[in-house]
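Each of the two complexes below includes chain A, the first together with chain B, the second together with chain C.
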Partner chain A sequence: MILIKLENVSKMYKKRLIIDKVNFEIESKNSYIIIGENGTGKTTIIKIIMGLVNVSNGIVKKEISNIGYLPDKCFFPNHITVSVFLNLFHENNKLIDNHLKEWGLYEHKDKKISNLSKGMFQKLMIINMLLKEEDLYILDEPLNGLDALSQKKFFSKIMLLKEKEKTVVVATHFPQLYKKYFNRVLKIENGKINIYS
Partner chain B sequence: MAKLIYILRIHYVMLISNLLIFVLAIGVASCFFINLLSYENNVYFTNYEIIKNYLDSSHLFIQMISIIVSMMIFSNSFSEKNDNYSIFLIRKGYSRSYYLLSKIIVILTIIFIYLLVSFELFILVGKAKNLYFNFEFIYLNIYFKIFIISIFFGFLCLFFQQLIKSIYALIISFSLYICSLIILNLEYNIKKVIGLFIILIDNYIFINGLFHSIFVLVCLLSLNLYIYNKKDL
Partner chain C sequence: MKKYLYILFPTLFLTAFTILVACSNVDNLVLSIMPKSYYIVEEQYQNQSFDVEIFSNLDKSFFSDIVQIEEVYIKDQAESNLIELELKSINKERSKIEINGKKHYIFIFNFCVNTNINSTEPFEIKESFLSLEYLNGKILDLKIGNFTYTRVTHIGSSNDDISVSHILGVKNTINQIDTLAGIEFELENRSSSTIRLNSVNSLDRNISFSLRNTISPSVVESPKQDVSDILSKDYDFFSDEQFLNLDYYIASGETLSFFIPIKYDELYKTNKLAFIINFEKQGLPGKIIFDNFLFFRDFSISLSEKSMIESYLYDFN
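For the complex of A and B:
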């Protein structure tokens, strides 16, 4: 089943063509990694899929409305704490606490998000993504700031998602780390996407 | 309805910060002192003149402070830091328009409550200083107009905030407000023409009427919606 389909999608930023007539599909139960050098448009492709960036040309067809998303960067108002944020977007308090304990953030739950370290912030984003079960997960540089132990935990979660036959898309600079979890590679070069299996 | 309440709750929690409470508290305190200072108990004035003088003196300052408060709330609420949580709502399937309109509802509610408190202070100070001062519908009407013009400059600030993505949006909008005050001193016909594009209040009445003012607000809101839908988050 096709979850997302991009047809002739182009994106221009200030007269610079970042994405050039790209066509590809995200099929259910598959795992994709998006690779490419800095500034080639990995995050732009992800944001196009998420509907956060409008395309200059082309069509994005979505068969799915709720998507688990881990952004590469995001900001929060200064007064928002870890627990306030998670409680706003998720209802199950017990599940929230379990995840916070699992990722070592429970003792930081009353801390303001703006005061979290990069690694802790990334863990919070992973928790937020995992708290609600979706059919499709899109992750932008998920290992940013994570220590070795947390990276191991992250991959165990990816494995779990794969076992549940979820579709996962990850943009990364380290494809070798994901080799055994992903079956398709989307390589962005000069605004075009090449797909390898 | 549950969907709307859910998103309104999120906006409310995200917007109500210590900074916002501080801004509102400063606004209310300023209104209180302006009301106190505006009341002049001149023995040569009739009671009607004393009350009219109280209304005239306090009106402009309260309008100015309300507009500044409105612009600050709009500017702060749509800064990159305070608006980035939209991505979590959009990923949940909420449309950008739904997000923006619901956020504006929360902001307008805050401005409304702020003006309601200011109005109460106006009445309280009037009553405390003058035994014959009574609540009259015209006062409520004047504060309603302040509410409308505050929304207008708030929307204008949001428009510039979206265009230039900087705190300077507030300065540009405030400069336009000062210009609008200067325009009020021009000839009636000129005021009427310029008043087609902005909301002008002269002697407590809208230059081009209430319906025109609401039309201008709807146009500005639509423009903001259009930009919000087209911009990259």
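For the complex of A and C:
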């Protein structure tokens, strides 16, 4: 099943062509890595898929309404606590606590976000994403700030999502870390996409 | 006669040139904006709009012509974090504002975020820019302040256990800016059990509540009363404080009033706020979410506040 389909998609930004007549599909039960140098349009592709920016030309077809999303940069009111933050978006407190325990954040749940380390903050964002059961997850540089143990946990979660037949897309500069877990590579160069299996 | 012409022509030329230069200066576009905190808090699939007030020296220009505007973004300075907006309308206010001794027209740009966003993640840009791209090739980037977009589980109360029977914003002049300084609440417990009030949290990254300085019952006498006067002690609007839980209990059928002063990370004129009240009943958590509650209408900008206005002088009109 095709979850997302981009047909001849182009994107101009500041009168400059960032994405040039791109065609590709994201199929269910597959896993993708998006690679590309800075400024090649990698983040723009993700923003188009997420609906954060519109296309200048072409069509984006979506068979799903919600996508689990981990942006590369995330900010939020520093003064709210971990548990208040998660409670804003999720109702199931038991599930929240389970995730916090699993990622070692339970004892920090009454801490202000401003007092979290970079790694803790990234874990919080991953938890926030995983708390929602979606068919497609898109993650932009998800290993940012994670220590070796947390990276291992992250990949075990990826495996779990794959077992549940979820589709996972990761944008990264470090594809070698992911190649064991992902079966397709989308390489973006000068606004064009090439797909490798 | 010839002698007079020698004097007359250069004089006329100089006068014409001076007038031309003066006129062209007047006609150049000058835009001004007062940085604020902009935020949208909504449930899924709403289409909440927000206004950005832009001051222009020109009554008519491509800048305020809606058909000329091709695309609109909110972005950070590095342009790595951005979101596209839909421009719904541009309206010109009847009143004008004086900036640097000159009258400026007030234009209200009304935007909404794309409805096709597929993520429920919060989106926030500190020190954001409004980027207006025009069909004529011009791009205007205006610093508007902070921008936050949040989709929450629900707006209002998660159940009927608790209701807000009274809410009042207290306005003070902080560093010469008239802005929200604290909030007085009265909550009613409509359930059959005692409710414990845990915390009140702002959804604006610049603003937090000083739970340490909360007082109950509230003793606010007027919406312009000094916070120091309400608390009967000096109060610092800017210092950081450790997170604390409130520990107020409301018995079944009873009401509780309390006053919470606010703290600013960075001072922006604020008359609206989104916030959450967290409570607990029989060990189970609940929350009330307020989206962009308007505490007072305040379109006026005082003389001292004008120093915060950012102006952009362009070499076109």
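Remarks
Throughout what follows, the second predicted complex is superposed on the first by the 194 of 197 C-alpha atoms of A that agree within 3 Å, B and C clash if a C-alpha of one lies under 4 Å from a C-alpha of the other, contacts with A are read in each partner's own complex, and residues count from 1 in each chain.
Following the convention adopted for this analysis, a residue touches a chain if its C-beta (ideal position, glycine included) is under 8 Å from a C-beta of that chain, and two chains touch if they have at least 3 such contacts.
Just so it is clear, the model here is predicted, and its values are computed rather than measured.
In this superposed model built on chain A, chain B and chain C take up the same space, so to speak, and clash. Of the two partner chains placed by superposition, chain B and chain C are both touched by A:K47. When the shared chain is aligned, chain B and chain C each come close enough to touch A:N78. Touch counts on chain A: comparing chain C and chain B, the chain ahead is C. By the touch criterion defined above, A:N66 lies against chain B and chain C together after alignment on the C-alpha atoms of chain A.
With both structures placed on the common chain, the touch criterion links A:K14 to chain C but leaves chain B unconnected. Within chain A, the residues touched by chain B in the first complex and by chain C in the second are 47, 50-54, 65-69, 71, 74-80, 84, 88-89, 128. Of all residues in chain C, those touching chain A in their complex are 71, 73, 80-84, 114, 116-126, 133, 137, 139, 148, 150-153, 158, 199, 201-205, 208, 243, 245, 265, 276, 278, 284-285, 287, 289.
Chain A makes touch with chain C in their complex at residues 14-15, 43, 47, 49-54, 62, 64-81, 84, 87-91, 93, 110-112, 128-129, 132. By the touch criterion given at the top, residues 47, 50-54, 65-69, 71, 74-80, 84, 88-89, 128 of chain A touch chain B in their complex.
The touching residues of chain B, when paired with chain A in their complex, are 9-10, 13-15, 17-19, 80-82, 84-85, 87-88, 90-93, 229-233.
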